[in-house]
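Labels A, B, C and D are assigned to the chains in the order they are written; within every chain, residues are numbered from 1.
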């Protein structure tokens, strides 16, 4: 495990390593070296299983984080490779030649985040949505509630409570000041 | 002696129709040699609401494409706008047949991110609930495999016993299908009085059922002749295609999170998952049958070893204001279908930044199923699909 | 009253009894199956309600003339089998229109319904119907082989192609039944019966979780009720055919009901505990043991004396 | 027609293409025009009297449910056909094809993609047909009220005869729902299929509002 990390750092310029728990490591890799690092891990280090490939939208930093989580079934360790890609020009090298399933993950990412993977098979086909004509829905700036209210027909009479306020009324009906008491509520 | 071509019914058809240089079949629909049919979404042989676009030549499938998305609710998006505790009712609906692993991976991810240690008693109860969930799925799944070949009798018996296990869930958690019993920091309650005895009675019924199922399914000539050699997964595909759980164990590869990464109390329990190397539908059914046996045994062990009383919930902050420290984690457990994992990213606020749930169906139902169905008979699609235990809501979430 | 009109009316009455007995037998079998699974099952009168409901449904759908005629052909196959087979042994009024050579005609009528269904189902345009009907015809061709061999063996044994004479030869104690006088032909015939009855493991035509639900996929309302009527009649008549061939026929309506019930019960009961064959396996199965037994039966019958 | 088609999203199999006829000649085929009929449905005549009452009784006692699990509620259908709850006792049976079924159980939420299939399936069922909305998702969206992909109110897209509340409703609740539906049919109130036809334009507008790639005829015969 330590050797792998060392190799990753030296050869692929990996940084920002976090060991979350024994056998689970997250590490950041540059976009240009990501696929070669994945190939390296798969072919040399025995990380032969792709557990998942997903994205996180860091809208405030204007980046997408792609996470390739690889599993080594021999050593029972997992490495999560974080790849930061530009949010405006969301494009990433395709890895469909490495595992047959990558194609499916990439189709989902294309649909849900609008991240393009040029060259990936069936990338433009619909995976989950059908006839979608709005922003990719998993992006942070897509407001699902507003979309639902505009497009579907909300039944009138649905009440929305702020859970905190509602609990305050329910739990401390007589003495609301208890709510701010440190003893009951360490966050206040 | 070579058989005459006219009378050979067992000829090798793997190279029919003609393939191009990449090994893909050349399918020209306008040649009238092929027929395109859809199985699903409205089709009784498909596991839930998904569909297969099959190109058939006679009864033989030459190309298959899985279409999902009929059950997409955007859970991962919905959870991004809910507080952590509000995520629970959403999360458990991701895989309807077996909701408890969802609860467990979510609360485990929250605990890992915020560094909470779960009390012993809660760990025992969580183990019990997870095993009960596996039991109720397998009670339906094992005879359901024969049901795909129109042997519905075992399915009827199994479903009755499943209802009994759901009664136990109701007793313990108050819910029949959705339990929300596992919460961050622990569980919601202790076992009710007399629970163990009633559970033991039900387990005895299940023991009898197992003997009947063995006679009805595994010693049935027709079932054996149909299931043997069907949907063969070579050992090398296990890593390549991402095969998990019983399907991998049937191929002779040990994939069981309970054994490889023991979580909760599995390190204190005595069990050995069954593996075989045949890797066809029959072997996968056998593995799941032995899983069912093992689960019954595990529940007995858990009930014998667990303490009577104890702390069931760790101290947690007020859930309404609970801010989880920044970080990311991947928590996993073994569901009845294989490794079930959740990747969670927190940005330090009271709502998750990103939750991604990865179930085994995602890989089983897409690339693997498409590959396995090539050169299969259309009569066997349901059997292959059920043997992989695909659960559509977990693919599209 | 003219004799021919009288005969016609008696035959119609017989058809009516057979139809209702078919419905009753169907729901009884479903209840027996349900008991095996631990359920209560459908009410005993469910088939009649289903019929009324199907007739009362509205439809505006048309797939062309053959689509309408398909179920009629199927029904004609069932009624034809009834018409040319004597119901009760030695009874003039219940002998229907049987004549010397009716056995051949019956074998023809057995396949008639399936062919008619093939016309209608392929006209309905559903690919599942086409697949189902091609399976059905393949299986039927395979079933016919042992079936015909058994019939030929019996015909050689009794030197006749007439039902009444075969029945007469079987009277006088159960040891005279073909089941005991010609066991090989009976085995071949009974195995073929499993296929002809289309219950699991040979219910390939309407395989619900493979090709929902085969030829009748597009049929609904009145068309479906015609198909249901036919299936009720044909189950009884098929059972009666095998009863007449191997179990000595029936001399009263009571015996008719008891014997058809048991013959039908055998096929249903085997279906309860066996999964469905694939079409290749099914064809191969029929062309293997039943056919071999049938050939031996013919040879034995031909060279016995 | 050409203009309209350009705006629409069309699946590749629905584009105008050239097809070789069996005799070898080449024909141009417009799948939307040639493979479907554009005929609109007509309401059937609701009769009254003792005969109709008898037929209504038969319709109520023989409910054939379409085996289409549209959402998570379908997990409670297997218990209904197995020993514990056994709905066959009440004359409720499962059918595999829409042509032969009368009752459509919308088991829970409907995603937009499924809604399209549901409409297609519903329209293929022969009248009189009944819809049961299972779970709170069909009533007001339930816990998916803010989801971008699930509809909120089922009755804006299909006429609903009986709602069964709960998430998820227990099998007993489903049996009670069947009992309620039988009651309605016997009283002669089971003609929601006519309502669908009479308010056809309203329903179609609502359906087309959410289904962006409407590539089927208005009524699927």
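Everything that follows uses one rule, which is that a residue touches a chain if its C-beta (ideal position, glycine included) is under 8 Å from a C-beta of that chain, and two chains touch if they have at least 3 such contacts.
Every value quoted in this text rests on a predicted model; they were computed, and no experiment measured them.
Common partners of chain B and chain D, by the touch rule above, are A, C. Each chain gets a centre from the mean of its Cα atoms; the one farthest from the centre of chain B is C. Judged by contacting C-beta pairs, the busier of the interfaces C-D and A-B is A-B. For the pair chain A and chain C, the distance between C-alpha centroids works out to 61 Å. Chain C and chain D have centres, each the mean of its CA atoms, that are 36 Å apart. For the pair chain A and chain B, the distance between C-alpha centroids works out to 23 Å.
Remark: chain B and chain C have CA centroids separated by 43 Å (rounded to whole angstrom). Contact of a single residue of chain D with at least two other chains is seen at positions 67, 82-83, 96, 113, 146-150. Residues of chain A found to touch two or more other chains are 128-130, 137, 142, 144-145. With touch defined as above, residues shared between interfaces to two or more other chains in chain C number as follows: 37-39, 208, 212. Inter-chain contacts, as defined above, occur between A-B, A-D, B-C, B-D, C-D. On the side of chain A, the complex with chain B involves touching residues 18, 20-21, 23-24, 26, 48-52, 54-57, 65, 67, 69, 73, 76, 78, 80, 99-101, 103-104, 126-130, 137-138, 140, 142, 144-145, 163-164, 167, 184-188. Across the interface of their complex, chain D is touched by residues 30, 41-44, 48-49, 69-74, 77-78, 81, 89-90, 93, 96-97, 140, 155-157, 159-160, 162-163, 176-178, 393 of chain B. Of all the residues in chain C, the ones that touch chain D in their complex are 30, 34, 37-43, 46, 49-50, 52-53, 56-61, 208, 212-213, 216-221, 224. Contact residues on chain C toward chain B in their complex (touch as defined above): 36-39, 127-128, 131, 135, 200-201, 203-204, 207-212, 272-281, 284. Listed in rising order, the residues of chain A touching chain D in the complex are 128-134, 137, 142, 144-145, 147-148, 151-155, 158.
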